[in-house]
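Each remark here refers to the structure printed beneath this line.
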Amino acid sequence: MATETNRFVFPEKRETPSRFRNAIGKYRITIAKACNNCGLCIELCPYGVFKKGLRKPKPSCDHLCLGFPCSKNTFYCVERCPEKAISLAVNPSFEILGDKRWPAELLASTWHMAETGKIPHQDLNYKTGNSSGGFDKLRFVFPEGKTGGKSDEISTAIELNRSGDSRPRITIPIPLYLGGMSFGSVSIATMLSRARAATALNTFCCTGEGGYPDELIPYDNHIITQVATGLFGVREETIKRVRIVEFKYAQGAKPGLGGHLLGDKVTQRVAQMREAIAGSALFSPFPFHSVYSVEDHKKHVDWIKEINQKALVSVKVSTPTDVDMVVVGSYYAGAHIVQLDGSYGGTGAAPDISKKNIAMPIEYALPKVHKFLLEEGIRDKITIIASGGIRTAYDMAKAIAMGADGVCLGTADLVALECIRCHHCESGRGCARGIATTDFELVKLMELEWGTQRIINMYEAWRDQLVYILKRFDMKSVTELTGRFDTLVHLDYMGKEEIEGEIE
Amino acid sequence: MITGERKPLSEIKEMVAPFKKILVVGCGTCVAECASGGEKEVGLLASALRMDARMEGRKVDIKELTLDRQCVFEFIDQLTDLIDQYDAILSLGCGAGVQAVAEIFPEAVILPALNTTFIGETKEAGLWIENCRACGDCKLGVFAAVCPITRCAKGLFNGPCGGSKDGKCEADANTPCAWQLIIDRLDKRGQLDLLQKIYPPADWSRQQGKGPRKIHREDQEI
Amino acid sequence: MKYESRLKKVLAAGHFAVTAECGPPKGAEPAVIRRKGRILKGFVDSVNVTDNQTGVVRLSSLAACALLKKEGLDPVFQMVTRDRNRIALQSDILGASALGIRNILCLSGDHQSFGNQAQAKGVFDIDSIQLIQTVRQMRDEGKVLGGEPLSEPPHLFIGAAANPFADPFAYRVIRLGKKVAAGAEFIQTQCIYNLARFKEWMKRVRDRGIDEKVYILGGITPLKSARMAEYMSKQVAGMDVPEEIINRMKSVPADKQRQEGLKIAIETIEALRQIKGVHGVHIMAIEWEEAVPQLVGLAGLYPRPY
Amino acid sequence: MPPKYNIHTTRMPGRFQPVTKSGVIAWEEGCLKCTRCVKKDCVYKVYEKRELDTRQMLDSLDSVCMDCFRCVQNCPNRLIQKGLNPAYKVLGDQYWTPEIISTLWLQAESGRIPVSGAGYGGPFSGPGFDAMWTDMSEIVRPTRDGIHGREYISTTVDLGRKLMALEFAPDGSLMTRTPPLVEIPLPVIFDLLPWSPPGEQITLALLEGAKSLGTFTIIRQSDLDSEIEQYLPNIIVFIDKKPESLGPGLLNRLRMVEIPDGKNTIAIKTMLKEINPELIVIIRLPLSPEVSERALTLTSEGAEVLHFYADEFGLEHADKPLFIKERIKEIHLCLVEKGLRDQVTFLAGGGIAMAEHMAKLIICGTDALTIDIPLLVAMECRVCRRCKEGIDCPVELDKVDPEWGSARIRNLMAGWHNQLLEILGAMGIREVRRLRGEMGRAMFFEDLEKEVFATMGKRG
Amino acid sequence: MNQKDAGLDITIFFCQRFDKDQDTNRRALEKELGSKIKFFPLPCSGRIEPLHLMRALETGADKVYLLACQEGACRYLEGSIRARKRLAYTQGLIEEIGLEGERLELINVTPENHMTIDELARELLAREATVSLSPIKAVISNEY
């Protein structure tokens, strides 16, 4: 397994700056009239904040600025400017950016990773959000004094088929794949960027429930096709194309509800794909009208297995009180993978009431499921993928430590594509930033190459962080981290004095 | 773009004095860009006129509207259903706008609130300057892209005149001598020899035409 | 041709020419012109009449020239392009010739904003160089602008002005060359106080061989006072009055300043005579025509050849 | 099956611009007047719709902008920034947050449930109602289609005393006298307002709202006047004067009255019911640490409906107050244990601010709820409580048009109703009556934290 | 006579930065003076538009204050400069119709002096009235 990863050469990280004229950063630099265009600031700044300008330099990359902490450096432009024309201020627009789960700093740091492929060099929190609970209160405790082995000997690969059946073993070199976001909820460019990034990273990307657009065919080997309650665009042929088929029973953003696609976003193309009428809202039913019992569920799994004899079957469920029972049921019905979708995730339209209130956060569901599967003695026969609120590499690592084998992402990809989390993707022309839209004009805001590279950059930065974490634990493989609750503390339940090790 | 400047309020007041119901109409194009006749300026002028009327104890009904463009019929059409409700239209459009509105509504009283000034270049925020006088016979190619007709106080084709001093114009010490600019620029390009040539008199008929000038393009017709 | 240009004759014969300037009155009385003409008569070869100088309305240059002509002087008709379009200009050129005027000085004219008609529309249909060309074409080819033939061409000795003291300096000689190329036969320069600069200019003129093609008359304006010197230095466009001249004027008491002014003028004339390529002087004694005979006498330029 | 309960909604824009979270701050100075100006480019046409409301001096830039940041990011001279709207920050208070208030406004205007994209952006959990999650059914429970489906989910509840058994005469005729029951199609009753600007207009709006929804408004006896008589079928009179003063004429026309709990509660109840046996008497009692005991007593003495009320923040009256949901849970369980719970109906209110609070409080044991502040908010109240201090209402609530107000209230309730259906649907429950006390179908923060996090990080 | 006793209608536009509890702090004054005083918090004083000032005067203010940060202390860097220029421009406009420029006044406040908005407002009210009742308002009250 590890050898396969080692053989896998990750694609190159490439600088992929913002699509917009000005990126958004924590700090804002302005150059006053007094500037005589001497160019010293351009020369001084090692982060390339300033670009040459006709009358004065342009601080067009001030999102890369170190901000006030830079004042200790010899290259601090504000101090060095002979005309004292440079002003540095906290970007006031930052205060209304983002939300509790994705605060402005997290958005900016994710953009930074997507742009550069590197951990932010500015003082941006790239590990946690500000939700005051769950992942945001969990910290790794690294054993003191351990530095671990060599980075290139650490494997981040996971195995997706652990059942021991005759179906193919599929290894992905990083413990993540990209979750379902349907055509219609996101643009074809977004979809393709994700699929291409998944291909480049040798992992998978799920189609979501909106059908399987032909544009994805070149990436068939890295596509998971989704069979959801609406069965939009599901055909034998599409099921035969892929290596993994996903049953979506429920999704975290709207547990207990079917998918929502409001009428405005149902364009001709989307409607065609879904065999529906353009302009009419599409609500997927809930649950599968043909599944009223575990036995019915097994019938479905068998049906898929029959149609595509090589495919792995994944079951995507939400997190009700009895989530542990659901997972066990799925296992016995023959699923290779169970994706647990926690209630705080989601990308598409959903009633606010369900996003906030229905079903439990993934942080609770994972340990419950992991422990229950261990007790059943089947934990190592099934792959558990966590999703719904995984925002950072640290969330990913924490989810694994809490019992997942890997994670599945959606929102993070969108943020890499410069989603600003304005929460208005649901209606009208859709995403003003051209990500979650079907509007023909807005779709043009994004290019494929750009989108692909941004996602690649971000996940490679994530992988670097995961390797760092594993190294600190002296682990050789990410598989060692699964279920290691002991590596984590919850800040509310442990006094500083109780903690042995270094908190991060 | 066409630049304009609001007339002094006293002049506007005098014009609108006989009227009780006035529609202040702005234009969203050129004059909006030079901050003299856009929506904001309409709001300010209307507000000022209302206050003024109140101070003088007059009852006047002043409403506001800004058209996207006041010199194109399709936009002026927005006024069609409104115009009868007013005694006068106070236009913040350029002269072309005012006349276009007047032509479409020959019965209505259309008053200009702006002085249309020139074809302007936005030199910097808050500063517009005239660089072209629309002579209809552009020779910028030989004058190093400095228009002597507009930028030389005397419109000399074979300048500079004897009044050019320290690179400034004799008529205004704050204005650069256009010919100094031409010479400097040609000098930099090593094209000073262009100045040896004597330029013949201009063909002003292209500027003055026979009354208003027209451009007629059949290919652009519907 | 009944008359000849005296100026042209003087210059052609190789004499050091003397011209003077005479400003017409701000009124319709012919007597002023006649009086000025009488003062100058015999002491100068030709008399320039300004054309609404500084944009102030005065008796027309054409009419004043005609009056001077009657007085037996050889007038130089100054014509600015500021006030007339090409129709009026050409018409007046023909008129001047018909009235027996034989010299014309082609100018752009001071900007209208200077005078008492600041609201006037500056015409500037053509510029001074184009005017020179126009006169030349009318005279030599017998055609008006556009090529239509004249029944009788005007007979004019064509002059132009040059300001060696305006900027850009380097271009000044080129511009002179252009005027000459356009057809100027004599040049009257702006008043000279800064001799050094004038000499430099002349050197450049000679370097280009322009002095061979045109007669250059150096401009002389006797200073009446230190105040005038200062005023000219600061307020008059295109004028270069060096600090030392101003100081020299200031260094003498007020009642002696006129004398000092004359002295400077004489010294300047003497210096100009030494400069190769200077063919005469043009004395612009502003509202001080009485000074001209004195100056011409003291400078040893009296009597005049014709 | 009864006809599906449907609340008629009509879009009802506010009289004032809504106060939104952020505003655009744009410098005109330095503007290059791009032909492809980011302002012209705005997907939401914010700049084109620009308007100044002089009453509030509020620029529509503050209320129409959707925070996409495209103008901020694309202006070549970076002249556009965003800022927190000062008026938004000060909406409401810690409990009645700006988010809650603006969500209520949105529902009152549109009659639609709030839907948004990009997942949940709020805190992990919080105090009170935010410390619980409701359940959902995955695959093995009966189907249902949520609010969009064909299946009927009932939100009707009955108020009144319930019988545990019926007695029949030998001839089969019913011997037990069945106590009166009032059915309301939505488990919500409009309570007395904790404060409001003076004015009949507000009362009329509430009454009209309650009437069109088929529910009730509690009105003080002292506030009764002839103008509101037409609404008597939808009024619960709160007896704040001597009960005797409420004449039999009026009592016979009422379906429910409410009396404050006191010494002679049961006696008063009996007295009132003697005049009108069909009358249901609700007993209003403040939540307190002793309330379970009292509820037990009242129930065993024959109380029909108990109305528990907390303060406007959902807190009971005590030194260390418990939140309404905790206390209701306790009362419910207490009565369940004594086998009395099914005989009596619970109403509970105080601090009910969002649709989810309805479902959650019912799960904790109440049958129906009473609401107050959201009704004012539906009519654009900013929960600034200026009226309480004797300052003019900034949104002129006293001048509200009852027609408009009731339509807004109806819209809000339609939103709440549909959200209740979403929750019931997700759980696979077909009627709200069956939600009552279903604590097994909910997840509580304290339990989950103890189970999952409290043990973490302990080595060995 | 101070502005309060002169019975002036005062409108105060202010940068919200001066007082984070502005909404609470200004209430006592609002109660005391009723509609005689109006407060309008701005996200930044640079957000003021000439039209806001005009409309304030038009709707009956006798005196309008704009409270801005010191130039250089604006968190948007240029806000107070914009505020000053826009106010000056509006002053010019009202002077053209014969209204006193002093009806509009810019006050630069240092956030460091820890004055609450009501303290600031009281200080302004206690100032000597440099303007009398607005001639515009006189007509409004007749009209309605």
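Here the chain labels run A, B, C, D and E in written order, and each chain numbers its own residues starting at 1.
Simple rule for what comes next: contacts are C-beta pairs under 8 Å (C-beta built on N, C-alpha and C of every residue); 3 or more make two chains touch, one makes a residue touch a chain.
Keep in mind that this is a model prediction, so the values were computed, not measured.
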Given subunit B and subunit E, the chains that contact each of them: D
Required minimum of steps from subunit A to subunit D, each step between chains that touch: 1
Two chains sharing the most contacts, counting C-beta pairs only: A-D
Chain nearest the overall Cα centroid: E
Chain located farthest away, centre of subunit A as origin (C-alpha): C
Taking each chain's C-alpha mean as its centre, the one farthest from subunit D: C
Centre-to-centre distance between subunit C and subunit B (centres being mean Cα positions), rounded to whole Å: 40
Subunit C-subunit D separation of Cα centroids, rounded to whole Å: 98
Centre-to-centre distance between subunit C and subunit A (centres being mean Cα positions), rounded to whole Å: 87
Between subunit E and subunit C, distance of the C-alpha-averaged centres to the nearest whole Å: 66
Shared-contact residues (touching 2 or more other chains) in subunit D: 25, 29, 52, 81, 83-84
Set of subunit B residues in contact with two or more other chains: 43
Where subunit C touches two or more other chains, by residue: none
Touching chain combinations (by label order): A-D, A-E, B-C, B-D, B-E, D-E
Residues of subunit E touching subunit D in the complex: 13, 16, 22-24, 27, 30-31, 34-35, 40-44, 46-47, 49, 51-52, 55-56, 58-59, 76, 78-79, 82, 85
Residue numbers on subunit B that touch subunit E, as the complex places them: 8-10, 13, 40, 43-44, 47-52, 54-55, 57, 59
Subunit A - residues contacting subunit D, complex: 18, 20-24, 30, 91-93, 95-102, 131-134, 136-138, 141, 249-250, 253, 255-258, 260, 262, 283, 285-289, 291-294, 296-297, 317-318, 320-323, 326, 329, 343-361, 363-364, 367-368, 389, 411, 414, 419-429, 431-433, 436, 442, 485-486, 488-490, 492-494, 498-500
For the subunit B and subunit D complex, residues of the former touching the latter: 33, 35, 39, 43, 122, 125-126
Contacting residues of subunit E [partner subunit A, same complex]: 44, 75-78
